[in-house]
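Next come two complexes built around subunit A: one with subunit B, the other with subunit C.
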Partner chain A sequence: MAAPLTLLLIVAVTIRAALFRSSLAELIAERVEVVSPITAWKRVVEGLALLDLGVSPYSGDVFHETPLIIYMFHFLVDYAEITFMTFVFGALCVCICFFFIYLSLMPFQFRKQKFALEADRYPMDSLELIRSPKEMYYVPLKVAMFYLLNPFTILSCVAKSTCGLNNAVLALFFLSTIKGNVLLSAIFLCLATYQSIYPITLCAPAMLYFMQRQYIPVNFHRVSFWWFIVQYLFMYLGSLFVLICLSFFLLGSWDYLPSVYGFILSVPDLTPNIGLFWYFFAEMFEHFRLFFLCVFQINVFFYTIPLSIKLKEHPVFLIFMQLAVISIFKSYPTVGDVALYLAFLPVWSHLHRFLRNIFLVSCVLLACSALFPVLWHLWIYAGSANSNFYYAITLLFNVAQILLVSDYFYAFLRREHHLTNGLYLKRKDGSEATLILK
Partner chain B sequence: MAITEVERRRGQLAALSIAAVVIIVGVPLWWRTTETYRAWLPVSQIKDLAKLQLHLSADVEVVFARGTVTPEQQKKVPLTQTQDEEHTVDGDLLMQFMILRSQNMKPARSFDSQTFFPEDTTLRYRYETKYRTATIMEEDALKKPTAAEADLSLHMLSESPCGSLVVYVIPESSSLLPEDVNVYIGQRRTALVRISAQMRVGKTLEQLLAQLEPQIKQVLQVMSFSHTDITVALSDRVRFRPGNKESIADSMRAFKSSPGYEITFSLLNPDPKSHQLHWDIEGAVQTYIQPLLTKLSPLANFSMDSQTLYYTMLGVTPRFDSSFEAYTLNADSLAHVINPVEARLGSNAASSNPVLNFLLYVPDIRHSPLYIHDHRKQEVPSNAFHSPRWGGIMVYNVNGFYGSETEFPVHVNINMAKVMGVFLAQLRLLLGVQSLSPPPGFLVAPCGSTGLADWELDRLMWSRSVENIATATTTITSLAQLLDQIGNIVINDNIAQQVSSAVTSLQLAMAELEVGNLGFALQYSKEAILASEKAFFDPSLLHLLYFPDDQKFAIYIPLFLPMCVPILLSMLKIVSEARQRRREKQAKKE
Partner chain C sequence: MTPYGSSSLADSTHDALTRKSTTASRKMAAHRCSCWSWLLILFSLSVFVVADIHETTPVNDHHGGVDHNAQTAEQTADQPAVEERRWEATEVKEAATVDAAADIQGTSAPETVVPSSVPQPKDDFQEELVIRPLHSGDIYASFQFRTLWDTDFMRENKVSHYRLFPKSLGQVISKFSVRELHISFTQGYWRTMQWGQPFIPSPPGAELWVWFQDSVTDVDATWKELTNVLSGIFCASLNFIDSTNTVQPSASFKPLGLGNDHSFLRYATLPREIVCTENLTPWKKLLPCGSKAGLAVLLKSEKLFHSSFHSQAVHIRSVCQDWQCKTTSWELRQTLNSVFDLHNSGQTKREWSLFKMFSRTLTEACPLASSSKLYIDITDNPQGEQFELSPATSLLSQAVVLGDRRTFSVYDLTQETTFGTVRSLNLLIRWKSNEGEMLRPLLHAERYVAGYGLQTGEIHTLMYNNHPYRSFPVLLLDSVPWYLRLYIHTLSVTSKGKDNKPSYIHYEPSKDRVKPHLLEMLIQLPPNSVTEVTVQFERALLKWTEYPPDPNHGFYVGSSVISSLVPSTVAMHTNSTRERPLFSSFFPCKEESSYFVRIYTEPLLVNLPTPDFSMPYNVICLTCTVVAVGYGSLYNLLTRSFQIEEPNPGLAKRIANVIRRMRGVPPL
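On to the complex of A and B.
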């Protein structure tokens, strides 16, 4: 498998390098679908210039990235080519991390399956649902391909969006979680939270995963359960505290808190993007703005509790669900965020037989991706369309994403159900039963 | 079976957790963030204001010079005497109250006011007359050869405060006044009244005072406020029933009271090829206009600018009148002159204050000379006219500069003294400084270099204070009604604060009027009008004005209905399952 992987890496780097050298790079870097006000490289450059002049990079409402990022680039910026390499590295890092995730994930799943088989927990006719090592052999390669050759990732990388770095941090978090390293997992999760707040919801799946791994029962009456939660939260909050203080000492002021987190939460920038916020808040009556702002932001965090209850025993799938929810409902989403959770899809290739409208959804996603630039051109340059056209496509894109995620969710639940109850359901009288999803 | 049961319980728990979040977080959030914030307003005080009761009091000092009263009478001179006059002005016509001054947004201010705020306006005038005999220094001053000198030296002796008057009663023998003049009104706040011989002889003091009274009253009407002035000032609030045509014209000519005015001087040069005009507007304004404006500064802020417009013609082509050998503009056609010019004047977009335009028109060589004719086909001596609440136009002929062999363009230095004399007179008219014709037997001193006598300023201040108070009360009461009738309007703290400060200023202004402190009254009335306008035109009032409850549903439903349906359905299912389980249990027991 090393040969195809190497080939894949070479192809991926070549595509990126070619695009980066071409005149398209500038065009891509301006696309609202690819860069958000937070992740745009142009704004980072502005922040760097301000920093060089000895002015706070947060003065002037242009730069909204975190202080650590700006200081990292401040360190790297002397080497122009290295800056580009950073982004390639970011993308590659993500891919490699995914690769490792999966490598380490496989034995664990097999162990679980083997254990269940030995205990005769699965009915005989559901054996065909059990995944064999052979069919799972190429999954890591597929994951790498899905991420590296995904046009969304390529665009995001060529645009030098700092989204790639966020994805890398998240990928490192999965890796350390899957590997079972509690401390590293907490640190990387904290880094991801520091970057964009929303990953805080990944706390729940991470803790569930560690508890499952360490055989700690999820039971509110057990001391060991609470002890673990306290431990994890201590590590998480401790590193968060360190990071925030570090930023303060680097910058010498608390400017960055309103400028980064206030900017994410109160959504003052209504530049069109692929998210749901901009149109809604541009049209919103001023009086209801605060209320709907709260509703929209709570919406991102809202699904954590019900999903954690429902997917208590499947934290890896829960991570996937949470990532998808974040990238759909966050305030400034870009295609880079979408690419991150799309890379997970090959991991759930065994759910394909239960997916119901994958064809429709993928067609809609493809069509929308093609229509984004078209309608943008019609609206902004040709003047023959208006913002409603663009928003309609945004809405459709998001509905398709929601359909995709819920399709996977129900497919996952259905497979679990079949695993325990047998593939061919029979009623008590022997007639074929249909499964009703509740 | 056990596993499915666990799965089912989990589904229920998930649904319950969603419902819990909605109820615990969502509902309070909704309540807190969308409540219509209504700050407290001083409603009862505003209701009191609606019944406008204005008390105006003026101090008059009557000073008897030597030789007007006998020593016996002198002993009996009463110290003070007060006269009260009360008028009730019916206020049934607040409804058609529209503000034309403010150029920004204009919600119609017409409400059925009587149901909420019974309107009536009571006016009470009080003249506090003090009697005394003249001091020695005043006697000396009164012995000056002319009235003007006497006036000046009396002013030097004691400066009477704003709004008060001093009437000197001088004997018949005094040579201060010409033969046919009985009353002299000075440049400041003093008047000289000559007592006639038959008035004095062999009468008691009471009779003397009674005979003097109508004359003093006349003086007061001229120098202080008269009922007509005050009703004109209240015309926003009550229907003004003018006695004659002239007073209508007077009341409509002047600009409405405003905290500030913009004055624009424009030189129109339609023919720059023939005329090269030079006007020293800056110097002229400094010399002629600025003293008047400095004097008027307690009334309003004035800002001035000037411009020269080339190739700007009047809207009317003048006709050549062979009998005068000149081009003429009829009084009838003057109305059409302004509009085409106005489009090119431009105005200061940054302020909403009314603009006073003064145009100096130098006719082009083909229409020169140009004269304005009045209705009787007579040449207007000033060659100027003014338009009510707009400004004035003066035609300045330069044909005197044309010689037989002059080279064009002709360099013309405009005589600013002539121009500014006309403009100053127009400015006085437009600002409401009435120069009403004095009653017979009165002599009014010509106003000095400031262009405005002290008592004229007082008159203006009286009527402006009353006008400001009337406007501000109407604004505040309409605002209170509006807020009372439409419960959807958000009242922010800053609006409540403006309303309260307007109400306080109004009360203070009225109290000061009652005491007779004219300067303070005007100051407070200006504050009141500013605060009330700010509150009335605040954009935050409009945010929710058009949100009836049914439209609020339209805002919420598209987002929340799809979210609520699954939650409600699963809740119903949980409830029904629980009920079924209980029934099963009961069945088992039985």
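On to the complex of A and C.
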């Protein structure tokens, strides 16, 4: 286990270092799929330059990172190599965190299911669905590989997108949640929220996970349930308050609030990206703009409630679903966000037998990834295509992502159904039954 | 009211105006119907007659006398320099103003009868035309009309009586508390390399900069209102000036008059503005004589706009009246510059005349003007080897303008002799040689956009210092619209292959849809060098309603403004601007060794990526469909549960079962 992991790390670092040294690095850093107006390294450097000129970075509309990030880089930026290393570390950290998540996650999940089996809760023929420790042995390695060797992650890292940092904070949040550290979990979640509002929806799975772990029943009539929620929210909101005040004292003004969060929520920058917002709001009629803006933003947050109700027994899968929903429907998505939830896929390798259209979806995702630069070139440089071409590809890419996520959700629900009802279902007359959603 | 009217009557010397106010006072008198007011009218009419007589006869005499005196004085000063040509005294104008003052005093002598509490409005109008044959063979014609008025627009009681100063502008000044106002409309680009420096520079399109009084509390709102009012006055699209193209330069613009605080300055350009007849007509109407008399008769729009360069401007400022600057007066300068390309007008012979350029000749000076002069630059033609001038004039003048001592032939239009026997002046220049070498102006600049594609780009500004041994600092001002996102960390300034760090940088980043980028730098230009300023930008994708009707034409970026004190070859006059010809006295001169130059670079035309304008409905439908696919599939999985599929019995079987149930037989 250690040897292949070391090899993997060496390969991953080599690829990144080679790309970083090559002339491709600048090209990658300009790609709209890889960097968004929030995460672009060029804009961070611009913010630093503004800071050096004595101008507030938030007085303009180029820099949209949070004050903590700018002051952190302000100390680091004199040493280009160190900055590069931080990004490599960012990527590695994410990988390692995943690794730990899984390490800690595995015995827990396994133990729970084993216990349930012994209690005769599961039918005997669903034993097939429960993974043996031998199968699960290589899953951490697969997760690491999926994240580290994913071209999306590599591109994002070489472009020095600050998305890597956000991913690292999120991974630390997963790790501390799985490890059962309530305070750290709240702090890391608050950091992630502070960076880009959307992770606030991860509050729900974190709380569900802790309650499951501490055997607190999810019941609205119990005091212990509410007490825990109040505790967690207090830690979460408290640290958010501290962070926001810290930023205020670092900067000396509240300018950053509209410039960071207003920018995320009101989508003034229509630079093309892989998301759904840019072309929609470029073509929007002015008097409907606010309405659709609200609809699209509520859409991101809204899924939290039904998903938490449906998946209250499975907070880890809920985290995955939330991450996927955020990265599909957020206002400035990049491939780095996609890579984060893709890294979860090996964890759900036991669902593969229930996936319906994984082949089609993965083909579409691959084809779209190849077509992004081609159509961009045709539109922007060659002038032989127009914006609709690029827009069509973003649509297709998002449809494929939606299909992928809903397919995994379907497979997960189906497996749960089989775990309780047995794998080989029979009709009343004894013939083989087919499951349908009703 | 009556004392005021009569005092102005006594004061005015022009008949048209006098008639107007006479009728005004007649009306009032009719109202009052008192006998002493009739007496007053009789008295004022008699004053007018006296004044008129006084005007027609002795004033010319006065001028001639002063001229003669000055000329003799000059002749004694430098006798060997002149042969049979006379040198015009530069003190003439001061003498003329003293003269006018004397006139006023003379006419206002009987005024003591009328009780008057209002100070005398003292105003003065001068007009002049400078014609300079350029090296390239083109002709540069520069008109300047100056109205000076000792009044205070900011006083408590409103200024309501206007004589020479246009009332529309006076009201603008007092309503918006304007301290200084400069507006220019330009068609074409001034080619510094071929034509040298213009007397009054202006960027292509419209330019407006205004200093407000420090009593203005909300400068931005006042500015917005002012631009709308000016838009109406000049029939131009100045109402398109809003916060997205207005900047507040910190150093590049110094007030040309009095006043200092930069928070009251607003500057905006509209590089896309097209200047045409509808802008010229309101501009001409501001002149005291309109286009009826004086130099303004030459301003015929069909000829003026058939030129390589056309620029008209209005400059309002307050200037000192005397050395100690105890009292100030308002100055209105209307300038019009144009460059005629006589090669292109299908002529083989290189010769031009006033008639060929303007399809008019001069027949008289504006009767309201205290001075009306026509200057021809003959510096390059001292012995008459380059061109020949007819009718020849014996009056010469020297002026130090733009760091160079130039010699001019002067035609004084207030003198009858200028027009000769035909009562009309049609200047004619015949070129003898036709070589025209390129100039090497000490400072010139150019700008372009580099890069390809619609994603990013780079603005290059090149500044040439052609001085052989002296370096001098320049102030570069760039105002870039928000949709070109500048990256200030990519700013590089290099001269002679070395990094040239600006000693002062003032940068204000843009806000999307709110304000533009403002970049001001103080750069030292080494001698005999090219300094290159580059900065990268990113092109934004706009909303489909934000594009102009021809989106693929591109977006204009206004000219950079380069302001500099350029070392002068001759000593500059640092004294008051009053005694010098108008063209050399626009920019105040603070030191002897250098002179102020402002240069405008080319405006840029930048393409932005465009969305498909034909399919907003399609995009809304398609994107909403994708969101609905996401919502639908999650909704499906969230609300439904897995069930074993019961086979659906066929239609025949169902019908059979219904029948069987009716028969009471168990179903199939």
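Everything that follows uses one rule, which is that the second predicted complex is superposed on the first by the 437 of 438 C-alpha atoms of A that agree within 3 Å, B and C clash if a C-alpha of one lies under 4 Å from a C-alpha of the other, contacts with A are read in each partner's own complex, and residues count from 1 in each chain.
Just so it is clear, a contact is a pair of C-beta atoms (placed from the backbone, for glycine too) under 8 Å apart; a residue touches a chain by one contact, two chains touch by 3 or more.
Given the structure is predicted, the values throughout are model-derived calculations rather than measurements.
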Side-by-side fit of subunit B and subunit C on subunit A, or clash: clash
Touching partner for A:K312 - first (subunit B), second (subunit C), both, neither: first
First, second, both or neither for A:I298, with subunit B first and subunit C second: first
First (subunit B), second (subunit C), both or neither touched by A:H417: both
First, second, both or neither for A:E286, with subunit B first and subunit C second: both
Contacts of A:H221 with subunit B and subunit C, given as first, second, both or neither: neither
Most subunit A residues touched (candidates subunit B, subunit C): C
Among 348-356, 564-572 or 600-608 on subunit C, the segment whose C-alpha atoms clash with subunit B after superposition: 348-356
Overlapping contact positions on subunit A, where the subunit C interface meets the subunit B interface: 285-286, 292, 306-307, 310, 417, 438
Residue ranges of subunit B in contact with subunit A within the complex: 3-4, 7-8, 10-11, 13-15, 17-18, 21, 25-26, 29-30, 33-34, 490, 543-544, 547, 555, 559, 570, 573
Subunit A residues touching subunit C - in the complex, by the definition given at the top: 30, 32, 42, 45-46, 48-50, 53, 55, 59-62, 268-272, 276, 278-286, 292, 296, 299, 303, 306-307, 310, 325, 328-329, 379-381, 386-388, 391, 395, 398-399, 402-403, 406, 409-410, 413-414, 417, 425, 427, 433-438
Subunit A-facing residues of subunit C, complex: 452-456, 482, 485-489, 505, 507-513, 517, 538, 540-545, 609-612, 615-616, 619-620, 622-623, 626-627, 629-631, 633-634, 636-638, 640-647
Contact footprint of subunit B on subunit A as seen in their complex: 285-288, 290-292, 294-295, 298, 302, 305-307, 309-310, 312, 416-417, 420-421, 438
